[in-house]
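Before anything else, here's the structure in question.
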Amino acid sequence: MTPQLAEIEQLFQTILTEADTEDTEVLMHLLQGIRDKQTGIHRRYINAALHMTGSFYPDHSIVRIPITPVIHNTIKLPHGGILATIADAAMGGLASRAVEEGKNVVTTNLNINYIATTTNKELVAKGYFINKGRSMLVMECVIEDEIGKKLATATATFFVIKRRQ
Amino acid sequence: MTPQLAEIEQLFQTILTEADTEDTEVLMHLLQGIRDKQTGIHRRYINAALHMTGSFYPDHSIVRIPITPVIHNTIKLPHGGILATIADAAMGGLASRAVEEGKNVVTTNLNINYIATTTNKELVAKGYFINKGRSMLVMECVIEDEIGKKLATATATFFVIKRRQ
Amino acid sequence: MTPQLAEIEQLFQTILTEADTEDTEVLMHLLQGIRDKQTGIHRRYINAALHMTGSFYPDHSIVRIPITPVIHNTIKLPHGGILATIADAAMGGLASRAVEEGKNVVTTNLNINYIATTTNKELVAKGYFINKGRSMLVMECVIEDEIGKKLATATATFFVIKRRQ
Amino acid sequence: MTPQLAEIEQLFQTILTEADTEDTEVLMHLLQGIRDKQTGIHRRYINAALHMTGSFYPDHSIVRIPITPVIHNTIKLPHGGILATIADAAMGGLASRAVEEGKNVVTTNLNINYIATTTNKELVAKGYFINKGRSMLVMECVIEDEIGKKLATATATFFVIKRRQ
């Protein structure tokens, strides 16, 4: 075992020894995320860590993130930044699939209105096209929880660029 | 050892066995985050996982997140949602410290303009007041990397509420 | 005739003498606007000057402004500020009718995405509710021309205040 | 005198006969605006009608609109749409002067936060660059009255296009 692996092993055991229920839940959640990245279920650690899943259709997208302590703010509600993250994913993922081969999109503006919060179980973001321009796409998004309570709405503009290799 | 702990232990060993350099780096980063939450250095798992640190002064704030694979998007650049997260933290953290005892703030609108990206080491968000109203605060934020390259600017409005216990 | 009236009379005659077709059209348009304010068809000079008309229903609003040289920018297309004006009117007019007796609303944030421009005859803005909160309303708006070409979309937040007398 | 001119003359006399002090002030203001367009002081009727004046420097702009009943909303305060108009003018005018010969800019996103209102005499908008990109400019703007009371702040993105003839 390399020194670094020994250090990780040690850190892991320390955490486990002192873990309360919430720590254990978060640890399990994040480890499963890393494993999902390792096995190719996710391409990005951030999406893997958030257990974010997306479905992309021709005219809309649905992206989900389970609400766990991992994304809680100090008052145990979903963090506003995570709502921005899921909105960007729902709109940007849909936009990037709508541009021609060899092109990609970058977010240029994101505007989000926060409406309510939730103590339920899942964030569900639905992305739609407002306008598909040749050089710019305008998108919108509604974020609800799993029982349809509206949490936020967002709009964003995406600039079309050549895809980087 | 409880069944759940045995399961976590097993998952951890599987990850470790198959970990490449990046997996190891991310694993170390997230475990250190959880440990920092456990020891009270962080109050939220999300901030802990991002290794986000903030300094709050009377008229501005500085919040930092190291750029690691944890926050990379598919093209190995900082994820737009994480820029929104650090912006919200820099502005909201400053706003919440400016309201009177027993009050808190909630983000009502966040608008972010993305300018450039970076392959450097750290996100640095500086938050400022535009206007401190009695019932609403308007804030602005500049996000740069550690060598001062401007990545994004944001404005946000925060509504003043009674602090929840 | 008072000196001021004599001065207005003189100015009017000078304009008329040198007026080209467009000047004449604009002069007629603005004078009709002032007359509409005078006879009570409009309550505000700005709306009268723009010949802005609005219909407000329980769940949406429709506001119209004819496209004339009065609202042209330098390239003879509707001015972006006028699109913001009609958006604010469509959303704010609807929001103000949705709050209880003795209350009114003020715009706190307006975000507008410009999509296309038009050489057609009319701006038509449709306003909708996104969320009716007790202290804040979130609204959205689509601006098209009279044949349904989408020109811009907007969202806005309105803060509920006591109505000023 | 053509039938149309006779009609304008008649309308003008009717307005004048029934004009109260405010009507007279607005009439004078708008006629002076049309005259300024006629003599080339203004290139657009909308700017002329608002008596909007702008100064453009290498790194900032200052645009002014006098506060008269022409721009009042129903509670005799400057209309939110006019604040958006002056913000767009201050930022867009500066942006258009910063792009190379043969290019121009169009507003793609405008976001405005309203802070306070005023009973003073003038709207003063100052525009600044946040970022001058090759294909997109990000701008910001502060709107105050003539004694420096902050009324609103805005950001906008402008897309660079080929100048239309």
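Labels for the chains are A, B, C and D, by order of writing; each one numbers its residues from 1.
By our rule, contacts are C-beta pairs under 8 Å (C-beta built on N, C-alpha and C of every residue); 3 or more make two chains touch, one makes a residue touch a chain.
None of these values were measured; they are calculated from a predicted model.
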{"item": "Chain pair, B-C or C-D, that carries the greater number of C-beta contacts", "value": "C-D"}
{"item": "Centroid distance [mean C-alpha coordinates] between chain D and chain C, Å", "value": "14"}
{"item": "Rounded Å distance, chain B centre to chain C centre (Cα mean)", "value": "41"}
{"item": "Residue numbers of chain C (touch at least two other chains)", "value": "108-109, 111, 113, 157"}
{"item": "Contact graph of the chains (line, ring, star, complete, other)", "value": "complete"}
{"item": "Contact footprint of chain B on chain C as seen in their complex", "value": "108-109, 111, 135-136, 157, 159"}
{"item": "Sites on chain C touched by chain A in the complex", "value": "109, 111, 113, 115-116, 130-131, 133, 138, 140, 150, 153, 155, 157"}
{"item": "Chain D-touching residues of chain C, taken from the complex the two chains share", "value": "4-5, 7-9, 11-12, 14-16, 18-19, 23-24, 26-28, 30-32, 34-35, 37-38, 43-46, 49, 69-75, 79-82, 84-89, 92, 106-114, 164"}
